[in-house]
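The letters A, B and C name the chains in turn, as written, and every chain counts its residues from 1.
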């Protein structure tokens, strides 16, 4: 399934379990169908995968922030602009990795400037509301603050809140191994989900990328998911189907992931990839760690289930140098 | 002026009858002796934490040695309140009766967050000494041990290593060996069996806290290896040279 | 006898108690994670003002954290002015005061039970016992120090329960989703809940072990005020005992106009500390909280507080009473 002609829309599950739409929107949330104009825009020669690389590797925080902003903006622009994914009046969930109580330079969490830029682009495309949140593994107030994401997102105008324990709902995922799981209610009620992972080494599955990042949209006893990571991650990917995946490969964690801590384990790749095929994006991300996509269990499983393709080169990705 | 002060002092130490505290000398003596007696009983007890190290007596990072700790801690509860993971609990039996309501870590209710030193910031008597974050990260409060009868890759041929995933030390204190194990259906699979690196483990407990075997965890932290007690150690390399870690 | 108008000083005292009580609660609420890796300012203030914290850890551990020297100021003020701390500052005392004031009872019963009782010496013996223990390394002051007791009870029992109840109430509205047509109750309650979550409630529900005992003790101590006014302060509090010893001979003294007094006993009914304001020269400064209730209650304005001289007059009055008795 290539999906380059269609906008990947976020499936809005209107089952009885998810009647609680996000407060403030009430029943007004659309089912996320793309507008006709968006379709026609997409049918021009816009690629389904963009790999943006920064020619230099600035060390100063300001330099890195500028790099992050430019890479993100150019990558999304090359993909056809945020308007391809976000319609006027949409409620968008930007789901970065805010899992860990770490600083941005430790590369355990998504670059905050990448997140902030995406927030701005969504609002420019006419989004009514942009949410930035994650189900952190370390204490959420600390993780949101130390990663710099809460502040950056709020400054860009997003609603960056810590998840409310009350709002997890049992939802029928109807996956291969996950029949039902607790999903955060507010995620169910949005129009579009934009997945913004960071590339990291992982002891069990070798790399944690976009599809594994979706674990932050669910609750429950997530530790049990590791008993069959190949299938559970693919089940999550099949359920959520983000509209857009923006991969933070500016700093990557090459060892002792996904928590890291040692700056010596952080390597600069100065790359941001954006795409609609979450399997392809993950496959590319694996290469940033020197891995082959075929080495990663959930990428192979997702490919086999036709959620995307791990042969990202076959999508003829647009490569840009900045 | 001096006369007034002297008069005041006289009235302080020899007040008129109705202003006296009405304390009987005998009762005071009895009270004092009881207090001293109670202290003696406490001292000679082989109570955990003082002489026999209790595995459950895991103190917050920065806590001083146990005798000193019990003398300083006023059981105020500030550390328990501020602990962001709800790990600090009021002790009941862990340290003997003299440690009632002092803070101990319970790795099921929480764990010691690596990038946090809030307990040492709020302790009013410095029973938990004030540490910088860098100092705290070098302190060991205990050591994790795998229960191979429960841990999934050992006991039931399943993959897991959530413990290793969460381990916060810059070089992970949990490493694994890839082992080929037999499944009930007769197939062989390769699983990663986790082990603790005793030299790196700080005893933070996130491994125990996140372990999916909810009732009795597959990896559990005990107090041995804690920096504050040179005698409560395992390794020769981290031996009894008073290494407090900071 | 008409009750006289409450003097301003009583209102100021109540304001002071309320203020310190609210400050205690505020600092309690500030003892949480704040970005990045810090807490609110001054969260240790009350423990630093508490001379017992310094004394107990200083004696048993032979060490003193520098912030605890503020307790010396408390002691110094007490030596000069008496147990103002108990009457105007101590938030635990304010709680006991509030419960005491809430109890109903006939004036006669209050007069009978409000006066000085020899049982009030129990706190001094308790203090002596604990100090002796401290000398030999056993510090159990934390069990009975008023701030430790109060904070510990709040932290492990009262606040988590409050957090749980409030969350449960809002959760019920959220899930049951009552409303009329398109007007949903949750549209009002959820924003309120958000405000509470950000400012008062815990980021996640805290749960503690062994809370039943702590809860029962707290409830018992609070309820004992219905039996005797400010029970804890009079009979138990080791800090009160320490301040009582330090404040044995204060500069500010209770004066009684013997001519005006008709021994009605109304001053005793409202006395918080059990200091015996009635009777010639019966006032016990070590038990007086300077609450000014006696002065407020006296219909004949026979009582007042003043500095210095008055001691001689009282002594004369006592001598006179003794001679009369002979």
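One rule holds for everything that comes next: a contact is a pair of C-beta atoms (placed from the backbone, for glycine too) under 8 Å apart; a residue touches a chain by one contact, two chains touch by 3 or more.
None of these values were measured; they are calculated from a predicted model.
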item	value
Chains most often in contact, by C-beta pairs	B-C
Furthest chain, CA centroid comparison against chain B	A
Most central chain, judged by mean C-alpha position against the global CA mean	B
Centroid distance [mean C-alpha coordinates] between chain C and chain B, Å	32
Averaged-CA centre spacing for the pair chain B and chain A, given as whole angstrom	39
Gap in Å, rounded to a whole number, between the CA centres of chain C and chain A	55
Where chain B touches two or more other chains at once, by residue number	84, 115-116
Contacts with two or more other chains, residues of chain C listed in rising order	33, 37, 203-204
Touching two or more other chains - residues of chain A	139, 141-142, 146
Chain A - residues contacting chain C, complex	19-20, 23, 26, 139-142, 144-146, 150, 162, 164-166
Contacting residues of chain C [partner chain B, same complex]	28, 31-33, 37-39, 43-44, 47-48, 53, 56-57, 60-61, 63, 65, 67-68, 118, 121, 124-126, 128-143, 145, 147-148, 151-152, 154-156, 159, 203-204, 206-210, 214, 244-245, 248-249, 251, 276, 281-286, 311, 314-315, 318
Footprint of chain C on chain B - complex, ascending	8, 11-12, 15-19, 21-23, 27-28, 30-36, 38-40, 42-43, 67-68, 70-78, 80-82, 84, 86, 89-90, 92, 98, 100-101, 106, 109, 115-118, 121-127, 133
Chain C residues touching chain A - in the complex, by the definition given at the top	33, 35-37, 167, 171, 174-175, 177, 182, 186-187, 190-191, 197, 203-205
Of chain B, residues touching chain A in the complex	84-85, 113-116, 152, 158-162, 164-172, 176, 192, 210-212, 214
